[in-house]
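There are two complexes below, and they share chain A, which is joined by chain B in the first and by chain C in the second.
So, the complex of A and B:
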């Protein structure tokens, strides 16, 4: 692993290598949108791509024909359209069939209902779903200017794009079905729960119970996950969950991992009850010999650590013990959140050893796959902040040399933490190199970072060469404020920034520069502090320029500073002034 | 710092022993077992509960009760009246000595100044003793009323140890980073000692019947619905990261079919049912033709050409030969005429 290289995705032209996290994200998104654009072209204009030149043919690069082959108003055609996921066409064909009087079999109707319930009211998109991860859908769609309406995000019921309309096609078809079986009810419930019509889902469920149909485990999972939308108070929510679970027992439907994950997800929103019940749920899983997945652990961590500040408990170390031993496979879409939450918990607990263990767990087997690019960045960023807080400076610096840019790009907060760690370890001479990194990352215009770095540099006096280096940084910063570069307007000076820069210049004897900065005070409508004035006088004394001293005194007087008098006397004492100058 | 922690716990005088344990737990693991264990045993014997402020009152009354029972016993049997307080005093004396020893052992293993910690701990212990004395002398009159209304909370020694250690770790949290005990050591002994643990706990007891296995196995016969397909896709997408290096990218491309599979298979993508000898040795199809003559000659040339042809399938070659046969059959009449 080369620590100085960016992620493989970005290795193309060294000039194009992204420098900070925003650029990295932009680059990955643009790559993906390029691919999507290419696919769109192939799809829209297949007539230009009909020459098959490769032997053997590569089917995934060729245009896919997705037009239905069968014509005519019959059930076969309907089935085909359902398979091709053409929602509107299927519904139209179904209506035509009914009008023509041909009965449609229960199975076909059920699969039509499946299709409708899954997609809610939106149209499906007929192309290959994501190959790359990251939330690229929006930008990908925008970039290729697709005409399909807003795609329902397929990340699960919570983030479904479309909502359940009143009396939409699914409901309509459901009502006019001559006979319905358990599957019809189940799929309706799942669809309603997925698209936010939880109350309706519950009503449908009671109807199902009245009809004495058998419910399958997926429907129960959907219902349990929808409980927070059905009830508001935590005790009621928990009671409802227990009701569902008891129904499962009555109907002899065995629960699976997703059932328990749904229970824990609901418990996340149950406050104190969640905490007291969560462990029992876990014990139940163990008793039924269901192995917990990462999503289970993530829910547990959230319940015990994120919701409220409980103080130390051993849950996280036990969770880590379990996670360290296994290499996980994905079983639940929520698995992806585990590592991010766990690292956040480590940061909240300010425990660096836990973080090291978490890193090791992540490197085991396939566990690294659970973090996608953006999560990876924030994971390592938090880890680095924790390092800065808790570890010695040489360890911090070692990590700092190795981690960016291959693992993550430092965020502004990371830079601030690093500066503070350097300060705590009295290692301030490293600041100019940090400034170079800041410029590289593109942070050299951020006011907060500039303030931090300037105040650290100017707070104490340092040996000569450090001071020179500091002055160089100060000059860079001054340029940022003064010159406009490309389209960016020059950054406005703040009083403290001016003061610090002046002090830094004064300390190395760059009188002209210092005077230039001090003049800026008036322009920026700020008043220099006494310290600035004193430093400048010192500087003037060093370089033996009484003119400057007089200019300073004049400025002080003109600004009406209280210290003007003192400065005047000091100037008189320390400098040999000619009579005219007096 | 230690002193601040001690001062915060001064209010709860009965929890002073918690602070001594705190010190004990700071010391390195190997050596600390004995003083820590000793202290815990001592505390267990003392039957003092380390609790939060809420239970302070209960604790106080319990202590009163404990002392009172002694008193009552003393009252009932006159002879032992004198022994009661003497016993108590006796009981506290050896306690004190043991405690002092333990305290000195612990303080010597601490990085801080020995005397300071020792004095602090001993001061705390003395304060504890004073309060117990005070309470011992207090209210014998109202004891019966108090007792009748009270319910004593009983704790096993292990649980007591849990609570004590938990207070220790709470105190440690404020103490700053360097003095943290290595409580994340993966010994199962430690994981017992906290309030909340994933290892202990009761189950919900909702799903108590053994699940029927045969039914569920039969159920999955039906073809996967759109829900199942989409769910499978979602799951796959969770761990679907962009390739980390060139090898992974090549793996992905091979799976998609963009890259050939190595070692190269010449016949990849080509489905040809026939073996090579069926392509080349086509003489057996010439059975129906005359054995000599220009036709035979011609057909042998045809076969030679066909056998070298890689583009036709066996079937097509046989069809060619068939066509020739039909042609010559038709023309046979003409030929006979000639």
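So, the complex of A and C:
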């Protein structure tokens, strides 16, 4: 793997390669939006794209027939529209059928209810696969998104997520159904729980129990996941979960992986009870021979580490042992968060060995697929911060050479950590190269980074070549402050930044530049520190320019500095001044 | 004669591609469009030519003012690889957008995978001034 190349989705060209994480995201999103624009055009004008002359046949590029073939008001047409996921059209057709008096069979009504509850009455939600009676694939979701764009706009502003409207189509159809079976109830409950109407879901569940229908495992999963919205206090929540689980036992419905994950998800919000119960939940899973998925581990880590007032726990090493052994497949939508949470836990615990093990686990088999582009950056960013804190400097530098830009782009915090690590290891000569990297990443206008780098450079004196390199950096920084680049306003000087730059220039003997910077002090209304003055006098002495010294003393006097007197006496002592200058 | 740039006053910039007349193809120049349709016993040369014409017009329109030289089209076993030389007149995000758009649209049009390999040049590369 080439460490100096960006991700393979970007064009391999210096103009088109992303520089930092924001740029990477922008370029990948723009490419994706280009693809979406092309797909939109293909949908709008299918008549230009239907010449099928490809050999061999490429199925994904073939035009997709999304318009229903059957016309007429009958049940087959309704079923076809349901298959094509056309929510609005199928509801209209259903109403037409009822008005015409034709009875609609139970299965068809049930499948219509499934469709409506999945989409929450016109809301198209992108979700992973759920096992329902018919397999609702994701390709159909995109089709319906474009078919029902008008409906959500009628509702006005809402909070995030989709909402279950009062008396919407699903409820209406449910009410007018002459006969309902268990499937109808289950679908309604799942739809309500999914779209946030948890109280109604619970009512419908009691209704279902009254009618003595059989409940299936997915409904139980949905209800358990909706428990945090029903009750507010942790003990009540756990009681309700136990009630549901008892019902499951009574109805002899076997729990599956998603049940346990839902239980753990609810336990996340149960506080202290969660920790004691989580272990027993795990033991149950083992007893039933259900393999835990990554989401299980993620919930466990969250319960044990991220909740407030936690005590130390060693569960992460056990979790890592399990994770290292297997290569996982995606089974639960929450699987994706596992690696991010795990890395966060490693950072909180400040344990570098755990982080290495986590990396190995991620590289094994298919596990790398669980981190998508945006999470990848934050994952590696946290790993790098941990490295800077805990490891020796040469290991840090080795990783720093290898990781960006192929794996991640350093964030400003990473650069600060790197500088501090260099400082701790007395390796400050590497600072000019870090400054070059900062310029590449586009961080050269961030005040905090500039302060950090300048203070590190000017703190102690260094051998000659390093000083020269530092002075060059200082000049770059000075240019950043001075020049205004098209739309960007010039960066305002701060007192300490000015001081550091002056010191760096004086140490190398660049008197003109140093004087220029000191003049800036007055312009920017800042006061130079004593150290700056002393350094400048040293520099002036080295280059034998008593005029400069005089100018400095005059400046000090004009600024009303307390050290002006001391400077004056020192200037008199060290320089041979003519009478006029005195 | 054909495809020769007439000598002028010396202020006309000419790229390497344009500067050489057609009898230099396979000696000093390469082909702009590579496919097997013109080999002995192969069919479909005319269709490939028509596709080429369309593709060149398409790229000329999609990347307005950004093409530094002619597009080189290569066909490798059902895939179409278009090699563009672009000038950096647009922002990188916009160029990426256009690349993604062109790739998907052409794939669906010709029912074969289309890949664009883009290289940016700071200015048109001048070979001679005629």
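In the analysis below, the second predicted complex is superposed on the first by the 532 of 582 C-alpha atoms of A that agree within 3 Å, B and C clash if a C-alpha of one lies under 4 Å from a C-alpha of the other, contacts with A are read in each partner's own complex, and residues count from 1 in each chain.
Operating definition for what follows: contacts are C-beta pairs under 8 Å (C-beta built on N, C-alpha and C of every residue); 3 or more make two chains touch, one makes a residue touch a chain.
Just so you know, these numbers come straight off a predicted model, no measurement behind them.
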Combined model on chain A where chain B meets chain C, clash or fit: fit
Contacts of A:298 with chain B and chain C, given as first, second, both or neither: neither
Touched partner set for A:283, first chain B, second chain C, both or neither: first
Which of chain B and chain C A:7 touches, first, second, both or neither: first
Which of chain B and chain C A:37 touches, first, second, both or neither: second
Touch count on chain A, higher of chain B and chain C: B
Partner chain in contact with A:417 - chain B first, chain C second, else both or neither: neither
Three-chain overlay, closest Cα atoms of chain B and chain C, distance in Å: 5
Touching both chain C and chain B, counted on chain A across the two superposed complexes: 28, 56, 58, 61
Sites on chain C touched by chain A in the complex: 78, 88, 92-105, 107-113, 117-120
Partner chain C, residues of chain A touching it in the complex: 10-11, 13-16, 18, 23, 26-28, 30-35, 37-39, 41-42, 48-49, 52-54, 56, 58, 61-62
Contacting residues of chain B [partner chain A, same complex]: 166, 169-170, 173, 177, 184, 186, 190-191, 193-209, 211-212, 215-216, 219, 225-227, 230, 233-246, 248-249, 256-258, 268-270
Chain B contact footprint on chain A (complex, rising order): 7-9, 28, 55-61, 85, 111, 114-115, 118, 129-133, 154-156, 187, 190, 216, 218, 242, 245-246, 248-249, 252, 254-255, 275, 277, 279-284, 286-288, 300, 304, 310-315, 317-319, 321, 329-333, 335-336, 350-351, 353-354, 357, 366, 368-373, 390
